[in-house]
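Right after this note come the structures.
Below are two complexes that have subunit A in common, paired first with subunit B and then with subunit C.
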Partner chain A sequence: MKILTKDWVIGESLNFQDYLKVGGYKALRKVLKKMKSTEVVAELKKSKLQGRGGAGFSLGSKWEIVATKKCDQKYFICNLDESEPGNFKDKSLGENSPHQILEGMIIGAYAVGASKAFLYINGTFAMAGQKIEQAIEDCYQNNLLGKNILASKFDLELEIFYGAGAYICGEESALINSLEGKRGEPRLKPPYPCDSGLFRKPTVVNNAETLANVAWIIENGAVEFAKIGKPDSPGTKLFSVDGAVERPGLYELTMDNTIEQIIRTAGGVKEGFEIQFIQVGGSSGRIVPRFLLSEIPSYSRGAVIPIGSGAILAVSANEDLKKILLSWINFFQRESCGKCVPCREGTFRLKSIIERLVSGDFDQNDRQDLHKLIWTLDNTTFCPLGKFSVVALKDVIRYKMIKEF
Partner chain B sequence: MTIQEILLQHEPEKKNILPAIKAINQNLSWVSEEAIGKIARYFGESEAYIFSVASFYDEINFNKPALLTLEICDGANCQIKDSDNIIKNVETFFKIKVDSFNNQFVLKRMSCVGRCLEGPVVKINGTIYTKMTTDKVIELIQNYLGY
Partner chain C sequence: MEIKIDDKTYRAKAGQTILEVCRENKIFIPTLCEHSDLGLSEGVCRMCLVKTNKHRGLVTSCQTKVEAGLEVITEDFDIERARRYNLELLWADHAGKCSFCVSNGNCELQTLAIKLGIDVDDFVPNEKDFSKEEQLKLLKNSLKNRVVDDKNPSIHRDNQYCIECRRCIKACQLIQTIDSYGVNYRNIKTNVGTPGEIPLDCIYCGQCVAHCPTAAITEKSNIKKLDEVLLNSEKIKIFQVAPSVRFTIGEAFGLEPGTLVEGKIITALRKLGADLVFDTTFAADLTIMEEANELIGRIKKKIRGEEAIFPMFTSCCPSWVLYVEKYYPELIPNLSSCRSPQAMLSSLIKTYYADQKNIQPENIVNISVMSCTAKKYEAQRSELGDGKNLDTDIVITANEFIRMVKQKGIDFLNLKDGKFNKTMGVSSGAGVIFGSTGGVMEAALRTAYEQITCDELGKIDFEEVRGSKGIKQSEIIIPKSRCSVQEIKIKVAVAHEIRYARKLIEDIKTGKCEFDFVEIMVCPSGCLGGGGQPTPVNEEIRAKRRKAIYDRDKGLSIRKSHENSEVKKIYEDFLKEPGGYLSEKLLHTSYVDRKRK
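The block that comes next holds the complex of A and B.
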């Protein structure tokens, strides 16, 4: 069962004509001709579609909050900043099917009453950016953006905005600051973007993959969507699978697959290799040891393995875990935005401890500091990045994977 | 294009500050003190403000560009494809340290750029190269430096 990639042709991008041929913009037509904005919101709420950017917040509930705000100006933002290491799903969506994202954005903007939309894209995604720019132009030329879209009363301006290399700008409030021409630091929450977002106006921020589901739900109905996957985590998910598997790649699977099944879809464990562990969700994702491979990663509350962004990295027994630890902490130390002390200093200290671990100089003091630092990063940082930096490390300790700890 | 010409392509609204900084960085390969001053005047902000925004992002350069900037992805996916060894080998071969700067050659680690399947990934003067090995990287560098 595929929703997002069903019309993809490997190595080719669905341009405007291709997208129309596979039924593109039918959902938007239906929405503008036959549905009130409240009906669109209700339908998506009923579908139980959850955000694919990591946290899994209900898209319908988010739209409802913004839709019910009385305000002269609201904004709609698509988050395509994707920079969690090991992820390439939003980038692939942008390259292969840019209109699918745009259609979701236009429907979303109509549903919440936004007249201005932005697509914030990772600055290194040159190819995806080019495809999206072309798609936006095609929309303007075909009355799918601009004034009186499809002869309705709905107007929408949509712009692409390129990031400049900062992981934290994927966090919605940092993204908003970046769009406003400020340093891309996160804001204190509350207020949430739904209440006070871009230029302090009510703003929806949704991940690109989340939005790519919207047209399908409008066309096929929320009931059909809710039947796919798990009842409390419905739909399909894009998995960026890499590492010790036979066929690394991007896979779309329903959300009731175990990690084992996901690995099998990617051709199974690479011949001659043995799995040490699987990491689910990129560098900020949980570690799945072999005895948990039959778990289903999902957005369900209390899931043993949260699905996060859906990166799956199969690490073989040949790999030196200490070096992978260093790769994780190097990333977080470099990407810490520097706004709060526990994260700015903590990731730095953690990095030097892990460096000593790699070089064999790890001692008792490091061990004590390590545990203190983990606690601090886990509990006292301003935004979730600090917490993210120790998710995998905590699992490494939990599963006693490094004897020095 | 001159700094002023690039600036004039952007309406002086706050949301165009980063696009303007990026455009200058791309066209001139770096953002000089002079550029910061001009951007500040154009957008009606202080130089400190413009610098604080520009310096936030990895992409923006504040040093006259070295002849060669080599960035090697150290994301976990590239790491298990041996990017770490490439870094070490480049360090030894060119007698340079990661994150050290000289005006000839800058070597940096970079974060994942989503090309993991084609890893290890490196960037040389802004251009991405995939499926790298130590030998290929050294050859590329030598080509760039005109050896």
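The block that comes next holds the complex of A and C.
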């Protein structure tokens, strides 16, 4: 069962004509001609579609909050920042099928009553950016954007915005700061963007993959969508599979597959290699040891393996875990925005401890400090980045994967 | 509403943060980045974390608003370690720098470290385990991003002491709307500084200094220069003391804010090596004579139907003058041409006093003890000199004075009260209130009223221009009298902090309001909240200082500048009349358009 990638052709990008041929913008026509905005919101809410960025918040609920706000200006933002290491799903979406994202955005903007939309893209995605720019132009030329879209009296201006590629700008409030031309730092929540977002106006921020699902749901109905995958975590998911597997790449699977099945889809474990562990969800993702490979990663509350952004990294037994730890913490230290003390200073101290671990100078003091730092990052940072930076590390300790700890 | 803190019930107002309620009720919560002057905190330092029944995990009390039914816990194991670990992290980057730091003993980070018992260099490997090269590498690492900015005359920045609390950013942005500071880089390299680390180019008000919890931003110290001068027996060292600092310096020695320590300052200065100590307040009276005269002149012109420029702005605040020159040069004609009291006194010392005592002006060193960092800048203005030498030679702030007293081991609290030297040491209550916002206005009105009407002013207190409100307005009616043939209405406004001054200027420019005379002070509450005053400072402390200043005025027998005996004498003997030839030459100045083109 495929929703997002069913029409993709490897090595080619669906241009405007291709997209129309496979039924593109039919959903948008249906929405603008036959549906009230409240009906669109209700339909999406019924589908139980969850945010694919990692948090898994219900898209319908988010839209509902903004749709019910009475305000002269609302904004709709698509988050295509995707800076989580090991992820390439949103980037691939932008490269292969930009119209799918745009259609979701236009429907969303209509549903919540936004007249201005931004597609925030990681500035390092040159190819995806190029394709999306072309797609936006095609939309304007074919009256799918601009004034009075498809004679429905609905106006929408949509703009692409290139971020500089900072990890933190994938966090919605930092993304909004960046869009406003400010330093990419998270804002205090509440107020959430739904209440006070871009330029202090109600704002929806949705992940690109989430939005790519919207057209299919409108066309085929929420009931059909809810049947796919698991009841509390419906639909399909793009998995960026990488590491010691036969065919690394992007795979779309329903959300009821175990990690083992996902690995098998990617050709199974690479010949001659043995799995040390799987990491699900990028550098900030949980570690799945071999005995948990039959778990189903999902957005369900209390899931043993939260699916996160859907990156699957198969780490072979040949890899030095200490060096992997260092690469993780290196990433989080580099990407810390520097706002709050625990993240700015804590990731730095953690990095030097892991450096000593790699060089063999790790001592009892370091061990004590390590646990202090993990607790501090886990509990006292301003935004979730601090928490993210120790998720995997906590699992390493939990599964006793490094004897020094 | 009622909320519970640590199982006790307290009253709280909607919109208050948990921290505010705790402060009101004397419940201690450590803070570093929060400051009550600077609005809602950014929650950067994580010192004020608490637990509540309405939130998961730890929340910052400086950002969390109270709500009905809220129950707060301010102390438990997790809260304690959250604070401790984060402070240890800051300390790891900071320890070992205290011994050569100017804020040693008056540093919020240090105070908190002592309070929480942070005494180990945690997170940093023990140095004795390192080889020399490794130590050097560590040292270089921590100094890699160091920025030192001492290119301006007033403010010194050294970011090795910076804890990235961002108070300076907010002070500059919120209070002064100048926006000199921001954040550079990210991760461990994060620096608070100017954009691209260009040298500071602002109005030097020093509110960043007043709000910095450590020594990352301090006044540019003149102590070394002064020490050298004090050792030079060939020079005559003449000190002057600003009106406001005598109400604040006591705080550094444990006295209540607002305690008058005038006599002790004079004695301390003599102990430090002063030959003479004059009172800037005397020059404040002189300023009023000149400024009131200028105002009356403009009003008379208007009455005669001649062209006169209104409103007239005061010019005693050097930051304000610089602000006009840099941002609103078109308003330069509106500025009073009067020099500030510091500049007036310095020029008179090197002319009138030098003449009288037969001293070569080159042998005099004028040193002023000011509330202000911008006075250091003002002293360097080339207009304020005889063309060769500057009138004011060295400016130190109240903080530098305190540091010197402590360094020299002077037992300040037990000093006998000294007296200012005669000739330029007598002052009136009008001069004293120069230290507070609205003071210059009130002093000027007292004199202008009597000089226009030739009658004695009945009610001497102009309450409507007092207080901490950002913009104060009033209309003063000067009745018909034997000296004035018609009733005159003077519309006045008083503003402090640039945010309010800017609003006032915009309102005046767009014609929303009209004024004859406007007083502007750049620092919160005027000089008593100046950038060179002792820290910590907040509205509560400023209110006490303000009260003390007005109480002092009330207690004095001479409360009008034109009744100051020494002011009268200097006009009789030397200056002849306000606005006369000598006055223009020695007490007035000119301004320069400094707008970036």
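One rule holds in what follows: the second predicted complex is superposed on the first by the 405 of 405 C-alpha atoms of A that agree within 3 Å, B and C clash if a C-alpha of one lies under 4 Å from a C-alpha of the other, contacts with A are read in each partner's own complex, and residues count from 1 in each chain.
The rule is simple: a residue touches a chain if its C-beta (ideal position, glycine included) is under 8 Å from a C-beta of that chain, and two chains touch if they have at least 3 such contacts.
What you are looking at is a predicted structure, and each value in this text was computed from that prediction instead of being measured.
> Classify the contacts of A:346 with the two partner chains as first (subunit B alone), second (subunit C alone), both, or neither.
second
> Quick check for you: in the superposed arrangement, does A:152 touch first (subunit B), second (subunit C), both or neither?
Neither: A:152 stays clear of subunit B and subunit C.
> Based on the superposed arrangement, let me know which partner A:336 touches: subunit B (first), subunit C (second), both, or neither?
Second partner only, subunit C.
> Once the structures are superposed on A, label A:37 by its partner contacts, choosing first (subunit B), second (subunit C), both or neither.
After superposition on chain A, A:37 lies in contact with neither partner.
> Looking at A:249 after the superposition, I want to know if it touches subunit B, subunit C, both of them or none. Which is it: first, second, both, neither?
So A:249 only meets subunit B here.
> Kindly classify A:166 by the partners it touches after superposition: subunit B alone (first), subunit C alone (second), both, or neither?
Both: A:166 reaches subunit B and subunit C.
> Hey, is it subunit B or subunit C that touches more of subunit A?
B
> Touching A:261 in the superposition: subunit B (first), subunit C (second), both, neither?
neither
> Counting only touches as set out at the top, which of subunit B and subunit C does A:379 meet: first, second, both, neither?
In the superposition, A:379 touches subunit C alone.
> Between subunit B and subunit C, whom does A:183 touch in the aligned arrangement: first, second, both, or neither?
A:183 sits against subunit B and subunit C alike.
> Identify the residues of subunit A that lie in both the subunit B contact region and the subunit C contact region.
Dual-contact residues (subunit A): 166, 183, 334-335, 337.
> Of all residues in subunit A, which touch subunit C in the complex?
Of all residues in subunit A, those touching subunit C are 166, 183, 188, 333-342, 344-349, 356, 365-366, 369, 372-373, 375-376, 379-382.
> Quick check on the complex: what are the subunit B residues that touch subunit A?
Its residues touching subunit A are 13-19, 21-22, 43, 52-53, 56-60, 74-77, 79-80, 84, 109, 111-117, 128.
> Could you pull out which subunit A residues touch subunit B in their complex?
Touch list, subunit A to subunit B: 82-88, 91, 122-125, 161-167, 178-185, 240, 242-243, 248-249, 279, 283, 313, 315-316, 319, 323-324, 327-328, 330-331, 334-335, 337.
> Taking the touch rule as given, give the residues of subunit C at its contact with subunit A in the complex, in rising order.
42-46, 49, 57-58, 63, 78, 81-82, 85-86, 88-90, 92-93, 122-123, 125-126, 163-164, 182-183, 185-190
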